[in-house]
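Think of it as A, B, C and D in the order they're written, each chain with its own count starting at 1.
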Amino acid sequence: MTRMRGRDFGLPFSGPTGPENAITDVPGVAVGHTTLIHGEGALRIGEGPVRTGVTAILPRQETGRPAPVWAGMHSFNGAGELTGSHFVAEYGWFLGPVCLTGTHNVGVVHKASLDWFLARHGAAMGPGFWHLPIVGETWDGFLNDSHGGHLKPEHVRDALDGARPGPVAEGAVGGGTGMSCYQFKAGIGTASRRVAAAGQWTVGALVQANFGRREEFRPFGRPWNAAGATAREEKPGEGSIIGILATDAPLLPHQLQRLARRAAVGMARTGTSGNNGSGDIFLAFSTANALPLDAERGVTPLDHLPNEQLNPVFTGAADAVEEAILNAIVAADTMIGRDGNRAEGIDHAALRAMFA
Amino acid sequence: MTRMRGRDFGLPFSGPTGPENAITDVPGVAVGHTTLIHGEGALRIGEGPVRTGVTAILPRQETGRPAPVWAGMHSFNGAGELTGSHFVAEYGWFLGPVCLTGTHNVGVVHKASLDWFLARHGAAMGPGFWHLPIVGETWDGFLNDSHGGHLKPEHVRDALDGARPGPVAEGAVGGGTGMSCYQFKAGIGTASRRVAAAGQWTVGALVQANFGRREEFRPFGRPWNAAGATAREEKPGEGSIIGILATDAPLLPHQLQRLARRAAVGMARTGTSGNNGSGDIFLAFSTANALPLDAERGVTPLDHLPNEQLNPVFTGAADAVEEAILNAIVAADTMIGRDGNRAEGIDHAALRAMFA
Amino acid sequence: MTRMRGRDFGLPFSGPTGPENAITDVPGVAVGHTTLIHGEGALRIGEGPVRTGVTAILPRQETGRPAPVWAGMHSFNGAGELTGSHFVAEYGWFLGPVCLTGTHNVGVVHKASLDWFLARHGAAMGPGFWHLPIVGETWDGFLNDSHGGHLKPEHVRDALDGARPGPVAEGAVGGGTGMSCYQFKAGIGTASRRVAAAGQWTVGALVQANFGRREEFRPFGRPWNAAGATAREEKPGEGSIIGILATDAPLLPHQLQRLARRAAVGMARTGTSGNNGSGDIFLAFSTANALPLDAERGVTPLDHLPNEQLNPVFTGAADAVEEAILNAIVAADTMIGRDGNRAEGIDHAALRAMFA
Amino acid sequence: MTRMRGRDFGLPFSGPTGPENAITDVPGVAVGHTTLIHGEGALRIGEGPVRTGVTAILPRQETGRPAPVWAGMHSFNGAGELTGSHFVAEYGWFLGPVCLTGTHNVGVVHKASLDWFLARHGAAMGPGFWHLPIVGETWDGFLNDSHGGHLKPEHVRDALDGARPGPVAEGAVGGGTGMSCYQFKAGIGTASRRVAAAGQWTVGALVQANFGRREEFRPFGRPWNAAGATAREEKPGEGSIIGILATDAPLLPHQLQRLARRAAVGMARTGTSGNNGSGDIFLAFSTANALPLDAERGVTPLDHLPNEQLNPVFTGAADAVEEAILNAIVAADTMIGRDGNRAEGIDHAALRAMFA
């Protein structure tokens, strides 16, 4: 928790944050990471080097019967994966954790997330209960032996079991371990905003940031001119960003789709136009209107915040995603991965000078 | 109201209907038609022959301040127009009437519907009030002088002012005047279902049916083999269907999108696979959760019927659309339009024999 | 290959089929199944009984460098999973096999399908190559120990390695092993159509059919009245259908979305209105315009069949899906699974009598 | 054509422009405006004051038989109207002009655009020919008597007949006459980029800019701190932006949807997060692959630029939209409209100082 964050460099963010400036400022949300870093040198598929991991977000730290969270989604550029998307679009809610990882870990994480959920709830729900996990990914193959299958079910369980409210580790941790953003070393970032919109609400964001070409990088509209090495990825820009937005504001599913679209604004503010090979997919959920699963429930009231009140919530979402991305960059140090591939951390002194 | 309906021929529809077996069985919904039929013989653009009109559906017979209805939409094959669609998708509701007409009348109806709404509500809402009318269309140019611009603003006002609850005229009336379906003369049809789903609800449908090739026609799965003339449209199948679903069940916008998708099931049951040039667009709205427009409203409870209860509502929607289409066909008599173009009414005796 | 098919019962299907009346009539398409059936009696999670499997569809039996197939998708009711959907929507194509399986096998199949693909192409493509497998699912937990994790990577490899052109096994095989449709035992079904549309083309369908309530079943519009036991699923209708459409017609991605929507017509013709908990998701691909992956390629011509020619292709798609569903039902015998749960095969004599 | 443009103030735009830095740099694209400004003082509905108009974009200055342009669309926030959207999504192309106007003029413009098209092509196409015009709108009711219906068919014809290639008037002209952006007087803006992407292409943008709250305005990431009056709109941010992207790059419909999504990036770069009541809708078209309408055409080759080449085109689209928005602002002078409502032009000296 002693890592630098964007605010330490004078980046002129707008709006008041929650206490941790993290997605966990939304009550009930918990985050856990498993980080795998070992090996050096030439790639030997199946042996390493390994630079990967998984991040788990529990939308409700559940205490009993599973309770859906209302949700909506936006795919700004869908060259990626977010499993469970059809279900979210149809039902307007999802159950259980959201996991973020490297592209080639999706299957393992999907299975392990399911097994973790069944271990907690399967007996109570019975053998007729089915579950569709939510797993998002970005590509860590520049640094990681991504054809080698190093992430195992126990790593996923550890992230899920280790999920906590409070401060969230950023940078080269969890699913973000092997990621780069604007060809700087990056990974996981988070932020939050307090918004006043016919009540006081929190909007939190967590991103796994792995997108952008260096020449696109324009934090707060300023082109990055600092000298220094660039991570020479094989296919710059062929990364992705998965962004998760959480709020306690009582939004309906179609309103959460609207919120998810604002994540693209936060991304755009950092400079990119969205690259062809980038899977820029955003999921927004609301913890309000908690109702345990109950197939027998009849007509039920739900609170909702009318459309006319949403502007501050929209701005908070864009602000939080923008800050989460920059946090993901500043928190990450230079990393050398497979075949000596090097992802340079951003030059902190240059960044500080830029915003002095 | 003495026209034949599908049930008069023994068509084996499922499920209990409302009292009028019409969209107006949903309390508050009113329907009005203006029908223009004059002239015969060779087409003289701007003079006729005229076979067109407009149908107006008021989702709430309003009594004061306008109140949105919650809504969702599905475009099965979007080769047509339903104005207001972006707004419905974004806001999850719409204000004011839905009008159905011929393709080339959309602009006139749009303007006249707006003016009618402003005449009722403009002064109270003030000059900063804006409104986006909902206008759907299908193509009546086989029978009508559709390049001639015969529908005028006063015709639209008449339909809107004449909207009533209770029985609804079907066949070659209103927006359906010049339409054909499966190359039979057709037009407007309506139907309703009573459904039990954690409460008693009504689902009503009204269609402007102008789609399908004769060889596709398979009511209740039975190929139409009766001898007899076929309306030889220039481009068979290049029609469309606009279908409106109304319900008093408290559905949220994403659930109304789901309902709208069931209209495609009702359409498919009549035989078509959906033709390339057909604009098969469906709009579903719920009159529940009535709230007058109020930009200052804060957190507000809405009733909703959980997803788990929706199956009977879905079936009712498909059933009502299927019946509305067949009603649109059986209610229409042979019509001769411009250039002697002839749309043959379905052979009632053959239909009765088929389902005897 | 001696199983009964729908045509053996006089079901009045329309249109000419390809030689095998199977998705493999589209040149280059191959199908393989792994079927797991063992154990009886009371459920012991992790031990059985086991009634599950996986079906693999290779869109191009590849002979060298991987070549995308152009694709589009439609989610009629998204209460299910089809991984890779964001990518297909964005890029308009996909690479590699499509696998169908039980809901809780998605993760294992995803990983195994990836590993199979990397084993074939990973070395040539290099460590920077990433791949997003396509995996669809329906729920087999009424018969199968679906919380027990019985499907293993080697089963997936076997299905992939065993994929062949030519006849395709139907019913309780592969991914369809534990499935029911309209509360009859069902599983995998396939069919094809030859269509003339400015050229001669084939449209093939393969479905994993696991949807519908008995009272909805209306093949060719005729209600099923036969006496006999009904599979008493815990949550009738909470199944799903994944449908895959293949064609050699040169369709562009937006046209393949249009084709995928016609699969919902084929489904609707069998009677269902689409149940709430059903994941009814359809993927259409075209094998035309084969181009190996090549990031350096510049402007390239693609053949396309103009929209105006698509009606026969649309009808062929609806017809093939309808027949594939009925084939999936008639090919499956009664199966008893976990806890003695029984899915009754359709009464062949009653079916034959109905269509005599 | 002597108006100021963004580049006159040192705004640090990226990338090379076409010769006019306008949408008309795409060969074949022509633009025309009709501007209505008359009356002052208190609003008298139907009399004025009038501050409205219409802008017409011809995608191909047609010389004979109409020829579609390939197209795609993105609704970032759909609280607005763009007629023809269902058709574009379904067919992947559209015919004829795109018109931009004030919200309450949509009906009149729709009809007049249709009549203009029929006057040119109706006789040749015959009475069975139908056409769905494309009309977009934003709200000019802060300055204009928007309930008064001042725009007439002849104004639309004038804009269409007056459409020309070459320089494009910006600011308070055409459809932009009564518009404000970030509570500055604004209106129409345009820009273009030359991009190298396996060939040389032009991407042009034209926007009708009427969105944003003053406190959101952050050109190139810099908050606007200049003193000075703010246009006190009744509902700040309840404007909209319609953005049209044109290119001669051979993009397929699904690729043009992708391009349209980049318009949201250009918008986001100017500061807004997208307000609730804003209709932010974008349409992209390609003039490549010109083929006259021909219902008999069979398999036809189309050029396409593979996805892998699209990054420069995406960046060009975002750049052009960003510049078009800022051009729409700097070109507009202070305007006083109905009831003395005042929309202040941006302070040119302050802007120049900010980017000195």
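By our rule, a contact is a pair of C-beta atoms (placed from the backbone, for glycine too) under 8 Å apart; a residue touches a chain by one contact, two chains touch by 3 or more.
Not measured: the values here are computed from a predicted model.
Note on interfaces B-C and B-D: more C-beta pairs are in contact across B-D.
In summary, the interface at A-D recurs among the listed pairs C-D, A-C or B-C; the equivalent pair, sharing over half of its contacts by residue number, is B-C.
Measuring from the averaged C-alpha position of chain A to that of chain B gives a distance of 44 Å. Averaging Cα coordinates per chain places chain B and chain C 34 Å apart. Put simply, the C-alpha centre of chain B and that of chain D have 33 angstrom between them. Among the residues of chain B, those in touch with two or more other chains are 77, 89-91, 258, 295, 307-308.
Of all residues in chain C, only 12, 76-77, 213, 216, 218-223, 237, 258, 261-262, 264-265, 268-269, 272-277, 307-308, 310-311, 314-315, 317-319 touch chain B in the complex they form. The touching residues of chain D, when paired with chain B in their complex, are 43, 45, 75, 77-87, 89-91, 103-104, 106-115, 118, 122, 126-133, 139, 141-142, 145-147, 149, 234-235, 279, 281, 295, 338-339. Those residues of chain C whose C-beta lies close enough to touch chain D in the complex are 89-92, 198-199, 250, 252-255, 258, 294-309.
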